[in-house]
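First chain written, first letter: the chains are A, B, C and D, and each begins at residue 1.
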Amino acid sequence: MSVSVAQSVSVAQVSMRVRGYHLDGYGHVNNARYLEFMEEGRWAFFDEHPRLIKQLYQAGQAFVVVNLNIDYRAAAVEGDDLRVLTGIIGVSERSAVCHHCIIRKDGTLVAQADLTFVLLDMQLNKAAPIEGEVREALVSLVVNKQAFSAQ
Amino acid sequence: MSVSVAQSVSVAQVSMRVRGYHLDGYGHVNNARYLEFMEEGRWAFFDEHPRLIKQLYQAGQAFVVVNLNIDYRAAAVEGDDLRVLTGIIGVSERSAVCHHCIIRKDGTLVAQADLTFVLLDMQLNKAAPIEGEVREALVSLVVNKQAFSAQ
Amino acid sequence: MSVSVAQSVSVAQVSMRVRGYHLDGYGHVNNARYLEFMEEGRWAFFDEHPRLIKQLYQAGQAFVVVNLNIDYRAAAVEGDDLRVLTGIIGVSERSAVCHHCIIRKDGTLVAQADLTFVLLDMQLNKAAPIEGEVREALVSLVVNKQAFSAQ
Amino acid sequence: MSVSVAQSVSVAQVSMRVRGYHLDGYGHVNNARYLEFMEEGRWAFFDEHPRLIKQLYQAGQAFVVVNLNIDYRAAAVEGDDLRVLTGIIGVSERSAVCHHCIIRKDGTLVAQADLTFVLLDMQLNKAAPIEGEVREALVSLVVNKQAFSAQ
């Protein structure tokens, strides 16, 4: 279906296998490590959308995370093959929200998170409104959460 | 004031200095690293409350984190002296909430988080209701968020 | 050339792109992070040689690292595409040596290491001689260091 | 004894307790994590010798690690109280060597390492000879390895 195809192009996907150094003493992926997996997902998203990064750079702005709300749903263990899905699910006047899902090969949802970020004006060192070309680029990438389960 | 003294005994405090390996490429403490700082805070809390850990152990249970909601409020940089404050702010039938503040030496709030955990029955490998001696121990440690700003 | 082909099957290769969370405050990949990259390389090596792991398991043994000697040759920065090459370069009576190279896309050697490991008898909790089927499996995988530059 | 006192002032000591997030899937402190413990030791050393850092800064130079040779001697586990000892054990024309010991509370040597570093001329982006005030500062701090076992 064309709509789902259009959405899926804005959900980045990266794969990783859980290794011994990802685990904590309980044999589960450590809570903090999931944030690295999700950061890996955001970098993959940026790699796929170089226009966004270029416009951000030209505007003298950087993304700054202000909130992360993460659900830990199932424990991942050594050898698990995980996919991290990453997309933007909302843009408001001064902030935007990025959504992440981490899904095990058998389809189990391991973790999901909403990450709220603002734009930092790097010269003024303060948050800037989301406007102009950066806004257009962000808005054009917005997907709804259904796009994640369609992956 | 006696009430604030009584509360403060249930807020654990641990100190750390930000080092080069805590930073990311922007020269700021990386988002994932704050979770390690907060985990350090929880371990310090457990060290101060061995009765809780002993009862948990006897009940064949373990704490499992199911949600973390973290606000990143200010960027910490190399050399910053941080305090991590940790306490329990609520206990319901099946979950409890732990609160963390990370405060810079100058009093600036760097990050704060609410972490929701459940009790895992390790034999059944499923969440257990919070009851009995573990419940009593947890409830006796509950503080309100004002106890954190009093530190 | 058939010899180099024969050797190359025993050099595992894994690729990664340097991301912001790999860096330290100088904008370079942190010294400790390279050890995670190399551990990733060892897991990839094990994935390619399941017979070795199976024999180790049947012998009730585990690999334990006793020494790592790593040269840091060039600083890797955000966006660098790295390859980690991993192979076994020597087996003696009681220890064996694994070699790692981390090479940037432009061919620059970023880091190299020799990692010495022993076999731990997990029941006795002490080092065991390298013998029997595990020895055969390890010896059959030995490459010389030229096999790394041929990749 | 005055000699050992004189030496001990140049061996920095930092303490840490092993926590769940330091471990890998085997319940042991992960190989890479020891490098963070040792980096923590170097920062503590620098904190105690601000003159060295000031002279380095004035010379437009930075320390760059070129080799690390680490022996893993015993596995540290959750709850272990560790001390990291750090000192400079040699200075040659173009490089110097820093030694680290990680010792468990019961006196067991957990890990030890020699770390070789050079001075990077940050303007020229190349290694510089160790000379002048930086050399004097480094040489004045040199201890021999016996100073570590005296701690």
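Here is the rule we use: a residue touches a chain if its C-beta (ideal position, glycine included) is under 8 Å from a C-beta of that chain, and two chains touch if they have at least 3 such contacts.
Values in this document were obtained by computation on a predicted structure and should not be read as measured data.
The equivalent interface to C-D, defined as the listed pair sharing over half of its contact pairs by residue number with it, is A-B out of A-B, A-C or B-C.
Compared on C-beta pairs in contact, A-D and B-D come out with A-D as the pair having more. Chain B and chain D have centres, each the mean of its CA atoms, that are 31 Å apart. The geometric centre of chain A is 38 Å away from that of chain D, both derived from CA atoms.
Shown for chain A are the residues that touch two or more other chains, namely 20-21, 26, 31-32, 36, 39.
Interface of chain D with chain C (complex): residues 26, 31-33, 35-36, 39, 62, 64-73, 75. Contact residues of chain A toward chain C in the complex are 17, 19-21, 36, 39-40, 43, 47.
Per the touch definition, chain B reaches chain C in the complex via residues 20-21, 23-27, 30-32, 77-78.
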